[in-house]
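Paired with chain B in one complex and with chain C in the other, chain A is shared by the two complexes that follow.
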Partner chain A sequence: MPETETAAAAWGVVPSALLVMGAALGLGWLVAAVDRVVLTGAGAPAVLEPVRSSVRLLTEQRRTTLAPDPLLWRLGIAAVPVLAVLSLAVVPIGGRTLWSTSVDLVWFNAMEALLWAAVWLVGWGPNAVHALTGGYRFLAQGLAYELPLMFSLIAVGVGAGSLRTADILSAQAGLWFVVSMPVAFVVFLASAAAFAFWGPFGAPTGADIAGGVTSELSGVDRLLVEAGRAIFLGATAAMAVALFLGGGSGPWLPGPVWQLLKTVAVVVALVWAGRRLPVLRPDRVVEVAWTVLVPVTLVQALVVAVLLLSGFYAV
Partner chain B sequence: MLTDLSGWTVAAVVVLGVLSVAGGIAVFVVDSMARATFALLASFLAVAGVLLAFDLVYLAVVTALMMTIEMAIMAVFMIMFMMNPAGLMPMTMVHNARGSAVTGAVTFVVLVVGIWTVDWPIGRTERPEDSTRQLGEAIMGSHMLVMLVIGIGLFATILAGTVLATARGRYDRFGADLAAKRPDDPIPGGLPR
Partner chain C sequence: MDLSRRLRAWALARPRVLIVDAPGTVELRRAVEAELDRRGWPLAMSPADTDVLLVLGLPGPELAAAIDVLWSQIAQPRHRVDLRAATDLHHRLEETVRALGAAAPEEHVDGAVPARAGAGHPAGGMDHSGHEGMDHSGHEGMDHSGMAGMDHSGMAGMDHSGMAGMDHSGMAGMDHAAMGGGGHAGHHMHHGGDVAGLPMAETAPDRDGLALDVLRVAIGPVLPGWPTGLLLRADLQGDVLTSARLSWVDATDDRGSPPGKVHPQRAALDQLASLLLVAGWPTAARDARCARDGLASTDRSELATARRRAERVARRVRRSRALAWTVRGAGHLHSSLGRTAGGDVLDRVRRWCDVASGGDVEAPASPTSLDEVAAVLEGTELGTARLIVASVALDRSAARTAPEEARA
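This part shows the complex of A and B:
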């Protein structure tokens, strides 16, 4: 395997950490702006809307509830955006990841697993029934999407013969993984919506429970959680581009431009499709995930393994 | 010098080790089930940090991943089965205080004596290039049988536990003569059955 230098080694730790922070803010803004455009059909004003509402939330006074658990509540709130940015650390930006381990895919998965604890804490903290119901709904949904997500990540790892995102990118030089792993691609994108509890998987913040986990959030707390969700969705779109759509590969244009174009396309597709689907009940999601998606993603991993043994992938 | 690790690594291991012990103690000090659960998670995450400092990235990340999911699910069940499901009322994780203190002290003494008296072998082998690959080869190769037996054992335990815990059996779902076409479930699920 050719060793690709990490961004931290190539450009220094502080500049590349700032780059990842900037990319996170950009992706979060992109998701929020596209969401506004899809929702309202507005053009230019929608681009500024995320900035405007962020400033409004920053200046808004925080309200609290009777007998909350402030420590756990604040921890959960702060963890959502922090985990979103940390998951971006192994997503290649301009062909380099901020830092690289031999297990980038597992790192990405672990950040998303830590989100289970964070979202449940956001629901638990305010000592309010709707928020807690939302937290429990998120865990139920987590049980549904986690295994199919892991199996689709395993399919990618098997195909590339490595868990390192840089190796996965170079393994797709000939053919993008989406061609041989369409099921894993779709499951990965659906899981992205599920762990950002967004779109059809928005039951944890459902209108029937007055906003669920976000119902008692105000001011900067709400900003952090909403930004974390948007960054997670954007980071997963960027990761989907790296894992399935060949990253920066493409004709004529330089790599980073292709990567940006593909990421924008995936974000637009995710947001557009997500806004057009009804919210699914978590109990339904769990049954479909366990009885349909787990076997289907297992078969996908098996197909990839057989293709690998038959020399389909240039590893 | 006891190790060939860098000063930063040793410092990180010491700090994280203290944090993990502090998290473990906090489990028995805090008075809410949610705080106890997440103090335990903090302890596990500190252990994951120690593994990360030793450059065992796969073990570190997998520890964080598994323990977080486990603690999140444990929080649900622990709070569900508590006498006070809201969980914010004072509670304690300490039961049989004297017995557990004696057990803890004896275990501590045995472990410390063992650690300082056993003539531990000194690793002379070269560190592998990729510890993740080495671990994978061990699990899928020489230790495959052990892993399979453990896996099946765990799976059987989970199934048996669920079967013993559930109040509803097949007669509740399919009727006394098991003749019903569709099971009568309290939660319908997502598939047409």
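This part shows the complex of A and C:
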């Protein structure tokens, strides 16, 4: 299998890290802008709104609550965007990932699993009922999406015979994985919405609990959490393009352009579809996740394994 | 300097608005919501999320006290607007944006505002000139810390032991959770004592018989998608409510039902809009509001558009499997009023949809008393409880027919 150089090795650590940061901000803005357009129905001018909100939040006063747990609260708040950017480190940008381990998929999943702790702390920290309830809901939701998400990642790993993103990209040279793994693709995107606690999986920040985990956040704290959510959703869309849609492969146009176009398409489709649904209650989602999604994703992994043995994948 | 001022003004040109509607301001609230939707100003979810506090009509004394607490929890820059009529709405909102953007940087109190500070008793007689609205000079930050130290027992909600014997226990609970999200008393930590004047949470058997922390909470009287003035007191274990009680603040204030005829279709759309907001479906909620506002028009073609829009949103909500799946089975009301008020949340949602689409059906009847609603909240999750409350048309007069014992 051809070894692809990482971005850090090819372009230097600092420029590549800056590239990833830039990509993170770009993806976060993209998600927030599309979300805003769909939510308000305001059309093109709404794309500036995320920038406006960010400036507004930067000038806003930070607040605290009575008897909070400041250390853990702020730690959780800071962890949300940091984890989002770190998860982007193994997503190929322009065909290269910032760094590469032999277990890129596990890294990606680990960042998202650490988010459990971060969001819980954001909910627990302010010593307030609605925030705490939001934290509980996120944990319940985590129970629902985590296993199906892992099984869908395993299907990809099995199909490529590697957990390295670069190998997964080259394994799709012939046929995109979405063709043989449609279930894994859909589950992966739904899980993205779930761990960004957005759209139909937005119960942890539901309007019925006054914004849940974000209900006590103002100023830069709110900005960090909101940005982290948007970046996570964007990073997952970019990852979905790499894992299922062949990354930068496509005719005529250069790879990075294809990758960008596909990512934008995935984000738009995800936001549009997500906003057509009401919030799904975590307790009911857990039920479906365990009785339907876990078996279905297991069957998906099995199908991929059988296809692999029959020589379907050019590995 | 000029650049930073203009940047600020630009950033605050679409502020987030928290609406507090006093009783009897239904039409005013609808007009305001229509204008906010038109401008693309988002509705705030909590005080932390708020830039502009919009008070409609004349709140009674208890609601006014709750509004003061809310105001104390809103981070700078902020602005309060008191609206009595929709006549100069456009002008007032323009003025609001100017005032928000023009606030000088030194008016931002650096550092954090103790958000729960407002939990001090309004009965303490503290009068904040800042609450009058227009100028927010720096003193608020100081007020807060002062108040925070002043009266911790006022944190109420949780403070069962302290509050039980106090006259205004009603007030205190409300304050503390003016936005319904009161602080809770921390977790069970195997030692007694209290933290910042708050007692530690107790444990009690939950519905499965396991020992779990109990938090005394007060939800309301101001929340998005919640009937303003309604106060839910309950014990919370995890997110399960027990011993729920409902009451109105300013219960003697009976301006609830406006005189004159009610447009049933608009009322149904209004009900659906807040229910959809609570159900976490903001796009459908926006469509419902939009249809509701269009139906008030006198223009023939606009009216026809609004009717079509109302039918579309009603059909969409009615047919939504996701919504049905998520709300089914919750909040079975066994009403003495018969079928129109009974059924679960889903039955009522569908009935509201029928009315909203202009069908010739009777709207779900209001429950006769708050106790009837409170009874079905017993043992539900917080989210379900919110859906149940949002699915019934609560009438302030309901409190009069069945006086709330919590007020005693």
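Heads up, the rule we're going with is that the second predicted complex is superposed on the first by the 314 of 315 C-alpha atoms of A that agree within 3 Å, B and C clash if a C-alpha of one lies under 4 Å from a C-alpha of the other, contacts with A are read in each partner's own complex, and residues count from 1 in each chain.
Simple rule for what comes next: a residue touches a chain if its C-beta (ideal position, glycine included) is under 8 Å from a C-beta of that chain, and two chains touch if they have at least 3 such contacts.
Given the structure is predicted, the values throughout are model-derived calculations rather than measurements.
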| item | value |
| --- | --- |
| First, second, both or neither for A:R62, with chain B first and chain C second | second |
| Touching partner for A:W107 - first (chain B), second (chain C), both, neither | first |
| Partner chain in contact with A:D283 - chain B first, chain C second, else both or neither | both |
| Partner chain in contact with A:R74 - chain B first, chain C second, else both or neither | neither |
| More chain A residues in contact - chain B or chain C | C |
| Which superposed partner A:A117 touches (first chain B, second chain C, both, neither) | first |
| A:R222 touches, of chain B and chain C: first, second, both or neither? | second |
| Which superposed partner A:T133 touches (first chain B, second chain C, both, neither) | second |
| Contact residues common to both interfaces of chain A (with chain B and with chain C) | 67, 127, 136, 280-281, 283-284 |
| Chain A - residues contacting chain C, complex | 38-42, 46, 49, 52-53, 55-56, 58-67, 126-133, 136-137, 200, 202-203, 206-211, 214-219, 222, 275-281, 283-284 |
| Touching residues on chain B, where the partner in the complex is chain A | 32, 34-35, 38, 41, 57-58, 61-62, 64-65, 68-69, 71-73, 75-76, 88, 130-133, 187-191 |
| Chain B-facing residues of chain A, complex | 67, 69, 71-72, 75, 101-103, 106-107, 109-110, 113-114, 116-117, 120-121, 124, 127, 136, 139, 142-143, 146, 163, 280-281, 283-288, 291-292 |
| Touching residues (chain side chain C, partner chain A) in the complex | 7-8, 10-15, 40, 42, 45-46, 48-49, 51, 73, 75-77, 108-117, 119, 148, 152, 155, 177, 179-184, 186, 195-196, 198, 215, 217, 223-225, 236, 238-239, 276-284, 286, 320, 322-323, 325-326, 381-384, 386-387 |
